[in-house]
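Labels A, B, C and D are assigned to the chains in the order they are written; within every chain, residues are numbered from 1.
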Amino acid sequence: MKDIPHPPVCDMGVQIGGLRLANPIMPASGTFSEDLSDVFDLDILGAHVLKTIMRDARAGNPTPRVCDLQGGMLNAIGIPSKGIDDFRDRMLPYWAGYKAPLIVSISAHTVDEFAQLCREVTLPGVAAIEANISCPNIEADGRAFAMRPDTTEQVVQRLRAETDLPLWAKLTPNTGEPVDVALAAEAAGADALVVANTALGMSIDVTTRQPRLGNIMGGISGPAIKPIALRMTYQIARACRIPVIGCGGIATRDDALEFMIAGARAVQVGTATFQSPTVMARLVAELSEWASAEGLTSIEEIIGSVGTPRGDMS
Amino acid sequence: MKDIPHPPVCDMGVQIGGLRLANPIMPASGTFSEDLSDVFDLDILGAHVLKTIMRDARAGNPTPRVCDLQGGMLNAIGIPSKGIDDFRDRMLPYWAGYKAPLIVSISAHTVDEFAQLCREVTLPGVAAIEANISCPNIEADGRAFAMRPDTTEQVVQRLRAETDLPLWAKLTPNTGEPVDVALAAEAAGADALVVANTALGMSIDVTTRQPRLGNIMGGISGPAIKPIALRMTYQIARACRIPVIGCGGIATRDDALEFMIAGARAVQVGTATFQSPTVMARLVAELSEWASAEGLTSIEEIIGSVGTPRGDMS
Amino acid sequence: MTVHPTVLSVPAPPGVIPRCAEARTRVVSNTPVNGEYRLLTLDAPAEVLACHPGQFFQLLCPEPDGEHPFLRRPMSIYGYDADAGQLQFLYKVTGAGTRGLATLKPDDGLNVLGPLGQGFTMPENRQNLLLLARGVGLATLAPLARMAQRKGRSLTAICSARRPELAMSVDLFRSYGAEVIVVHDADESATPEALRILIEAQIAKRRIDAFYTCGSARLLRLLQDIGARHGIPGEVAMEQQMACGIGMCQACVRSFHDGDQVVHRRVCREGPVFPISEAIA
Amino acid sequence: MTVHPTVLSVPAPPGVIPRCAEARTRVVSNTPVNGEYRLLTLDAPAEVLACHPGQFFQLLCPEPDGEHPFLRRPMSIYGYDADAGQLQFLYKVTGAGTRGLATLKPDDGLNVLGPLGQGFTMPENRQNLLLLARGVGLATLAPLARMAQRKGRSLTAICSARRPELAMSVDLFRSYGAEVIVVHDADESATPEALRILIEAQIAKRRIDAFYTCGSARLLRLLQDIGARHGIPGEVAMEQQMACGIGMCQACVRSFHDGDQVVHRRVCREGPVFPISEAIA
C-alpha cells in the first residue's frame, strides 16, 4: 500500500493458484521483452511472461517471419533461443530487478527435453513456469502437444514431477477437443491454463504466388482470433477448477472484461502491444478506473459473471 | 457460346469431379437464396448452393442469431428448415428455372437420418449434394461429424451408398486433424471437399454481461477466418486427390485467387454477400478480366500454383 | 475524391428491374436534431428511390475510431424524393454503427442497399388513420403521413416522448396535414392508461379505421387490445438484428400468430411491416 | 476534431526518460515529390524529437479503401527539428500501408512510435565521407548530410537513380554542403562497374575514411569489396519486415558476420545501421 499515492477503491489483485498478481494484466509470451522498458515502467504489470525458451540455442525460422492480416497478423518466428545458459546467467538477473512475478515460458520437441528444461528453470526468482505446449511454429504442419488430451496429459505429468513452482499450461485453438485437453492438463497437475496460443494460418501473395511467411504457415494472432479464444475460455472455465488466463486479440479494456466475464482470472496481451506499445499500461489504468466506477471492491467479482442469454425469439 | 456477346479470352470453366462449372464462383450455403435474384442475374454464377436443409421442419435457434465482430461476424442461425417436402415441392421447381447447377446442402443429427435425407434429395434437377457435416450450430458445444476422421468416414460412407450424384463433404476448421478428416472423406467416397465451414466462437456484451448470441456460441465467418480456411485448403489440396472448394472470408478477387493458388478448384462466397450483395457478380467479372489480362487460356492453370518461399534469412 | 451517386452495376435478370440495389450515395448533410438524433440527407441514384413508406435500407457504416461495425445497419426511410434525387434517414446514435454514421461529412460517400422489405399498406377502406409512435419510431412513420396526405386520408398522429420538446417530426406531420397530439412522460400523458383513454376518445370522436405504429412492445400491446375490441385493423413496423437484409440468412426472424400457429417470419423480407393482429410483442 | 500532438502518457520508469514514445502527431502536409514518392511533414511533440540520423519510426498507417494494413510500417527519419516541433518522412507508395499514408490530409492525426534503433555514427577519425544511395535509401541518408555539416566533415554524395530527374534529395544534400554526383541507368553511369571506377577515383582524389549506404544489396557488396581493399570502414542501413519495431518479437532479424560466425541481429534494435563489413547482402 505504501508506495501507491492514490489507493484505488477497488482491489485489482487476482489469485492464480498459489500466486497473487497485483492486477490481471500481463504480456503474452513472445510479444514482450526488456526492450519494452523503454516505453513504460514494467512494474505496473500483473506479471512478466518471457518469450518461450528452449534448451539449446536455435536460430528460429527463415524470414519473412511476420505478415499483416485483416484484423491481425501471422507469425512464424519459430522460437529463436539463446538457450538455458543465457537465461540463467543474463535474463534471470535482469528480471530480478523487478517486483512483478516472473513467468518463464518453456518448450521442447520431446517430453524428456521438456522435463529437463523444466527442472533447469526451476530457480529462485522464477514465480511460475508456463509450458508452451501449443506453439504451431516448431513442428511440421503446426503440430503441438496440446492438440490432443493424451499428449497433453503425458507432457504435463512429467513437468509436474520436475518442479514445485506453479505450472501453467498454454493451450492451442488448433484442436477439436479443447475442453478434453484442458481437463487432461488439470488432471496432470497444471496449476493454471493459458487460453490460448495462436491459430494456425497462412497467407499467399497473389502477385508472386508465394506464401507470405518463410515458414509457409504460421500463427494467427490479434482481434481476428478473439472470438475463438473467448469461446475456449468460456468452455474451459466452466469445465475446469483451475484458473484460466485468457489470451487472444485483447486490445481494449472491454476485451479484457469480456474474457474475465467469460471466466478468465487474468489476461495476457500480445499483438496489441505491437500496434500500441503503451496498451498494457493503459489497460491497467482503465480497468482499475472502470472497476472503481462500477463500485466493485474486488475485480475478482466479475470473473465468470456471464449471464445466460434471454434466448427469446421475438 | 451463342448468348455471350464478348467471349472471354480465358476459359473460366472449372472441373469439380464429374461436374463442369462455367466459372469458379459460387455462394456458400446459408448465405444465399432466391431473394438475391432481386439484385443480380443468378445465372452468372458457377453454381447455386442452397441453405442446408434437414429432414423435418425445425425452428432454428433463439435470437439474436447474428452479431458483428472485428473483420467478421458470428452466427447461430441453427438451420431452420421447412423440411424435405418443401424442398421437393417448392424449391426444386424454382431452381429448375436456372441453368447453373444446383447444389443441395443437407444435414442431420444421426447417420441414419443423414442417409435417408441423402436418398430423398437425390432427384432430377439436383447437380450435386453437399453434406454439411460441419455445422457448429446444431449440436451442443458446436460438435460435428467433421471434427474427427472416424465419424467423417462413417457418415460419408453411408451417404455415398445412398446417392449416385456427386457428393461434396463440407469440412470444419474446429479440428486438430483437418488433413486426416479430409483423407477420411476421400476414402469414404466424397467427390469434392468444401474447405471450410465456420470456426466456433463467442462474443459477450460487457455492459449486460450476456452472450451476444441467443445460442451463446456460434460460427465465425468473414475475413477473420480467411487465413485458417486458406491454410486448410493448402494442407488438404496437397494431401487429397479430389477437388477442394475454398471457403472462408473470400471478399475480393485477390482472395479468390489466393485460395485457387493454394489449391482450390473453385470458391464459395458467404459473408461478403451480406456486406455487398453484388460481390459475387463482381468477382465473376474481375476474375475473368484478370485471367485474360494475365494471358491465361484456362483459369485452371493457376490452381495449386503456389511457390515455395525463398526462405532465406537475410 | 468526388463521389458520384451510382449503383454498383451488375447484370440484372433479363427483363427484371431489380427491386433493390446496392448504391453509392453522396452525403449532402448530416445534422443533429434533438440531441441524440441526427438527420442524414443523401444524394442517391434513381435506382434506389422507388420507395414505399415503411421500407428500409441497409447502410454500410464507416468505422468510427477504434470500433468496427461489420454488418450493415438497418434504417427506415425517413424521406425520399425521386425528383430531387434525395434520400433521408433519421437515426439515433446508439452503438458502433450509428457512431460511424455520425462521422459522415458532406461529400463523403455512403454505400446503401435498398429499398428493402414490405412497406405500409393503405387500402381504400382506411380513411381515418391513427398513428401512434415514440422515439425513433417516429422516423419510420414520417413518410406514412405524406402518403396519407397524397391519398387524401385523415391522419391523427400521437407522438410520445420523454419530454414534449423531444417529440420528433411533429412539424413534419403537421406539414402533411396530420392532427398531432404530443404526449410525454413528464406529465404522465404517455402512460398506457392515459393513452388508452386518449385513443378511445379518438375512436369515439370519429370512426378510426386503421392504426399504424412501430417498435415499442407496450404500444403494440395497447393497440392490439383496443383494435381487437373495436375491430380496427392496423400495421406495425418491427425490428430485429439483421445480417443480409434481403431474406437470405434468416437472422431476423420474429414470431407471429398465423391462425392457431406461431410461425417465424423474416423482418427484412415479409416485414418490417406486419399486421398488428399477428405481431407478438 | 482538432489533433493536438501529444505522447500517450504512461508511467515512465522512475528516473528514466523513455528512449522512444508512442505519440499522436498532426499532419502539416503530405505532398507528392518525384512521382512515386511523398513527403510527409508532421507536428510532433518534443518527446519524440531527440532523433539521430539513421533512426526510424513505426507509423500506424490509416486504412486505405478496402485494404487493412495492421502492423505499423517502419520509415526512416527524413527530417526532424525539435525547435519547430516537426518530423518528416519521405516515402514511396508501394502497398497497403503507404497507400494509407498517402490518404493523409493536413490536420489529420497520425500515431507514430519512435525514434527507434541505432543511427549512424560519425567518430572523429571520419573526416572525408562518401555516401552512396539509390531510390528511397536517399531518404534514410538525408539527415546524415546535416550531421556531417554540423560536425564539419566533408561529404560526397553519390545519388543513383533510374533517370537523372528521379534522383531525390540532391538539393537537400547540396544545401548541407555536400558535393553531389548523380549517376543513373539511362547512361549506364549507375552500373556497379561504372560506380567502382567513380569511387576508386574519389578515393584517389582525397582520402575517403568512411562509407555510408543503405538498402541495395548490389551497392552494399560493392562498398564491402572496395572498403576491404582500401581498409575503409563504413555503415549501412538495412531493412527487414517488422512487427514490434522495438526488439521484442524477433521478426526483423538478418544474418551478420561476427568474427567467424554468422549471427542474427534485429534490424529494429541492433540496427537498422550496421557496420558494412559485418552485413550480409
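Quick notes on this structure:
Assume a residue touches a chain if its C-beta (ideal position, glycine included) is under 8 Å from a C-beta of that chain, and two chains touch if they have at least 3 such contacts.
Given the structure is predicted, the values throughout are model-derived calculations rather than measurements.
By C-beta pair count, the most extensively touching chains are A-B. Among the other chains, C has the CA centre that is most remote from the centre of chain D. Our note on geometry: chain C versus chain D, Cα centroid distance of 57 Å, whole angstroms. Separation between the centroids of chain A and chain B, computed from CA atoms only, is 33 Å.
A straight line joining the Cα centres of chain A and chain C is 47 Å long.
The distance from the centre of chain B to the centre of chain C, each centre being the mean of the chain's C-alpha atoms, comes to 35 Å. Under the contact definition stated at the top, the residues of chain B that touch 2 or more other chains are 59, 63-64, 69-72, 223, 313-314.
Touching of two or more other chains is recorded for residues 68, 253-254, 264 of chain D.
Interface of chain B with chain A (complex): residues 59, 62-64, 69-72, 74, 141, 147-148, 172, 174-177, 179, 199-204, 206, 208-211, 213-217, 220, 223-228, 230-231, 234-235, 249, 254, 257-258, 261-262, 302, 305-314. For chain C in complex with chain B, the residues that touch the partner chain are 8, 10-14, 16, 18-22, 60, 68-72, 96, 111, 113, 240-254, 264, 269. In the complex of the two chains, the chain A residues touching chain D come out as 30-33, 35-42, 44, 51, 59-60, 63-73, 75, 77, 80, 222, 273-278, 281-282.
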